[in-house]
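Before anything else, here is the set of structures, which you'll find just below.
The following pair of complexes shares a single chain, subunit A, combined with subunit B in the former and subunit C in the latter.
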Partner chain A sequence: MSKARPGLLLLALFALVALPALTGKFYVELVAKIMIMAVFAMSLDLLVGVTGLVSLGHAAFFGLSGYMLVLAAPDKYAAVSLWTSLPLAVAASALLALVIGALALRTRGVYFIMVTLAFSQMVYFVFHDTRVAGGSDGTYLYTKPQTNIGSWATFDLANSTHFYYAMLVLLILSLAFLRILLASRFGHALRGIRSNEQRMRALGFNTYAYKLAAFTIAGAIAGLAGYFSAVQFGFVNPEMLSWHQSANVLLMVILGGMGNLIGAIVGAFALVLTQDLFSSLTKHWLLLMGGFVIAAVMLLPHGLTGGGLAWRNRLRGARGG
Partner chain B sequence: MAEALLAAKELTRRFGGLVAVDRVSLDLHRGEIHALIGTNGAGKSTLINLLAGELAASSGTISFRGEALARLRPERMARLGVGRTFQRSNVFAELSAFENCRLAAQARLPRAWAVHESAQRCETSNTAAARALDTVGLSPRGRAAASELSHGERRGLEIAMCLATDPHVLLLDEPLAGMGTEESRQVLGLLRSLRDGRAILLVEHDMDAVFAVADVITVMADGSVLASGPPERVRNDQAVRAAYLGETI
Partner chain C sequence: MDLHTFLIQLLNGVQYGLLLFLVSSGLTLLFGIMGIINVAHGSFYMVGAYLAWSLAGMLDSFWLALPAGIALMVLIGLLLEASLIKRLYDRDHLHQVLLTYGLILMFEETRSLLWGDDVHGLQIPQLLSASFPLTETLSYPVYRLWISAVCLGVAALMVWVIQKTRLGMMIRAGAANREMVESLGIDIRLVFRVVFAAGIALAGLAGMIAAPVSAIFPGMGNQVLIVCFVVVVIGGIGSVSGALVAALLIGFIDTFGKVFLPDYSGMLVYLLMAVILVWRPEGLFRQRAA
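Up next is the complex of A and B:
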């Protein structure tokens, strides 16, 4: 696990705080979107990088939460309260993760990948093939959730700068929560499970319960991200739940470097920004994306955040020899 | 005789047509080192895996403190106080020796819901881990990654991790395998000191070692018990002598 460099983190934080003062609306909205994806990617890193559970169905929890926001509104012009709809949406994602996890965690390895994929496809087709929330077309959400506490107007989710800072706070809180979680006995046990599950059981750990708890927490945090993604775009459709979305977020985690959370954030920034860059250059940008990902994986097998480490070792090796 | 801590009765395990363990009965008592010997493929490791809950028995019962156990699982056996080591070193390679033991000690005090408490600063686990490392003489190597330890040190770490969970019963699967004479001597000394208050099942190939420390010896051949009893009686048993023809027992 690569150690986070505090100086670098602080610098990144300053840059994120200062960004709205330096650029226009386009980048403020783009970076807000990236921060949402970063929270989503961190939640998956808890499974893939920390616990060693490769899930290919994580979009189900992201998407369900977005749908819950839309379904919570009595009609699509009425604003719902953030403070009631957010807990509802996150709880729905957590519950779905608990049910899917309870079944999927009976399998291991490649079967786990297939079973999580299958369950998320089931959720996808529930929203795709029924008339719930617009079927395959999806549906709009015309008003943002209102954030008043009593008569106190707090912040305005329709204002892109307000929304940006809300997402920055969300990102920091999610990171802080997961860091504390990883430092606890629970977090140490999860790393133990990734390292050697058989040994963990022989020591007396109920690894199934640990994995299910991690799966549920990851689902809840993915739901948190999905809710705000729906808020930002004012639109939900089944694509939010699709396996493309699951693969996309998995790519962020792998690209950034697994198991240290910061990697997931870096991966989200790297993937979305390169997508943005390449798609502005050519309409065949997916080809360039493919090349970029292959190059990144070959040159930096431990991801962008583990990269320094690999190169340093290589240099040290060269000098030593 | 006092009630056995861990007892197997008519334990059988089949793999397809092969009967790996055939109606084996075995009592492990507190304060005793019970050695289990037999040729390769005699079913010793299968028996340990059955007792540790790693494998389900085809028939027969396992009881702990006189109570028959249903639905055995490794984590359940460990929580009851049945600790085990593996034939091939089975540690957390990327963690340090101390961290391996702390994680093991944590199993006694999981408090998984206390997510605000740092695992690194857990006094109980740290103390238990330090004591376990000290017992096997690995304290000076506490900060080394488990993957960097020598073979003998890793075997010691296996035992230390097991001790960190504070077990009543120790199931040791060939703890001396691959060790030098001096290392073996130390481990045998350690086993003698661990005997107090605990029941130990020792699977071992080294006959000299077995006869040096065992209070009871069970000999297995082709999945079933050939002979069982105090070392002297086993040494003079006709069936055992026939099975070990050519070897000096």
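Up next is the complex of A and C:
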């Protein structure tokens, strides 16, 4: 695991805080979107990088939460309260993760990949084939959630600068929560499972319960990200929980480097910005994206943060003679 | 449901199941023998269907398009193995999933560049365009029976190659102990290349023969891929006979589900998978050796 350098992190944080003062609405909204994806990617890193569970169905929890926000509104013009709809949406994602995890964790390795993919696809079909929320067309959310506490007007989610800072706070809180989790006994047990599950079982750990807890927590945090993604775009459709979304977030994790959370954030920035660049170049940008993905897997197996580390070590080794 | 309708649905179930088997057998072999998880497998099914449509137009004959298409699929398989897939044998599943996902993006965009994003249909070849009359109003198309026959023929051929030939012996030995086979002077890399190309050709063949009875559309590969993953999970990874049983099971459940529970038929397949996971998490026919 790479040691995060506090200086660099502080600099990045400073840049993120200052960004709205320096640029226009376009970049503020783009970076807000990236920060949401970063939270989503960190939640997957808890599974893939920390616990060693490669899930290809993580978008199900992201998307379900977005749908819950839409379904929570009595009609699509009525604003719901953030403080009631957010816990509801996150709880729904956590519950779904608990159920899917309970079944999928009966398998391991390549089975786990296929089973998580298949179950998330089942959720996709629920929203795609039934008329629950607009079927394959998806549905609009015309009003942003209310954030008032009593009569106190806190912040306005419809204001892109307010929304940006709310997402920055969300990102920092999620990172802090996951850091504390990883430093705890629970986090060490998860790392132990990744390196040798047999040994952890022999030591008396109920590894199934640990993995299920990790899967559920990751699902809940993915739900957190999905909720705010739906808020930002004012729109949900089945693509939000498609397996392309799951593959996308997995790409962020590996592109940035697994297991250290910061890598997931770096990966989210790198992937979304690359997609943005490619899609501005040509209509057939997915061709470039495919090549980029293949090149990234081939050339940077440990991701941007991990690769940098290996490179630094090599330099240091060469200098030391 | 009267007897004739039941019979028609039964035959449809068998035909769909056998077609699924053709695609999933390649998937399960790639994993069982080479340890590769290939999420781009559905793309080869799609490429096969588009090739059949495009070649049949160019050559003006479905029967010429078929061998030409298979030859092209084998070529694509060989090139991919030699350029990318061979670098994945020692990587973990995560990298295999992502690299083959990159391939999906490339295949989809290439398809869009070459053939556009429209839905196409291919006419059933003249030779097999007849129907068996069952009653005065009901009949069953010969072409669908022919699909089932081709799939069964390929399945038999596959079993024969794997169980009875020298190549099959190398494949089985390579799956069990790679180093040992290599030390005996067998070029396992070549064997893997052949297996990969064969798996791709199987998926392509399935797409080609399915083209006349199903629409040819951009998302068709992904749709098949996910169902094939379910087939492989239920059948047990690496098991060809498991894939056959699971594919037929899913063929029946999907076909009859559409008749009896049309609103929920999309979910039945996954519910079946959930039940199997609770009952036998390793699948029905898990091969311990692979």
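Quick note on the criterion: the second predicted complex is superposed on the first by the 312 of 321 C-alpha atoms of A that agree within 3 Å, B and C clash if a C-alpha of one lies under 4 Å from a C-alpha of the other, contacts with A are read in each partner's own complex, and residues count from 1 in each chain.
Simple rule for what comes next: a contact is a pair of C-beta atoms (placed from the backbone, for glycine too) under 8 Å apart; a residue touches a chain by one contact, two chains touch by 3 or more.
Quantities reported herein were computed from a predicted structural model and do not represent experimental measurements.
Contacts of A:249 after superposition: neither subunit B nor subunit C is touched.
Contacts of A:34 after superposition: neither subunit B nor subunit C is touched. Considering which of subunit B and subunit C touches more of subunit A, the answer is C.
By the touch criterion defined above, A:214 lies against neither subunit B nor subunit C after alignment on the C-alpha atoms of chain A.
By the document's definition of touching, of the two partners only subunit B reaches A:198; subunit C does not. Of the two partner chains, subunit B is the only one that A:187 touches; subunit C does not reach it. By the touch criterion defined above, A:16 lies against neither subunit B nor subunit C after alignment on the C-alpha atoms of chain A. By the document's definition of touching, of the two partners only subunit B reaches A:206; subunit C does not.
No residue of subunit A is contacted both by subunit B in one complex and by subunit C in the other.
Subunit A makes touch with subunit B in their complex at residues 180-181, 183-189, 192, 195-196, 198-207, 209-210, 213. Taken together, the subunit C residues at the contact with subunit A in this complex read 31, 37, 39, 84, 87, 91, 93-95, 97-99, 101-110, 112-113, 222, 226, 229-230, 232-233, 237, 263, 266-267, 270, 273-274, 277-278, 281-283. Interface of subunit A with subunit C (complex): residues 48, 54, 56, 103-104, 106-107, 109-111, 113-115, 117-119, 121-122, 125-126, 128-130, 243, 247, 250-251, 254, 284, 286-287, 289-294, 296-298, 301.
Every residue of subunit B that touches subunit A in the complex is listed here, in rising order: 52, 54, 73-75, 78-79, 83-84, 86, 90-95, 102-104, 106-120, 122, 125, 161, 165.
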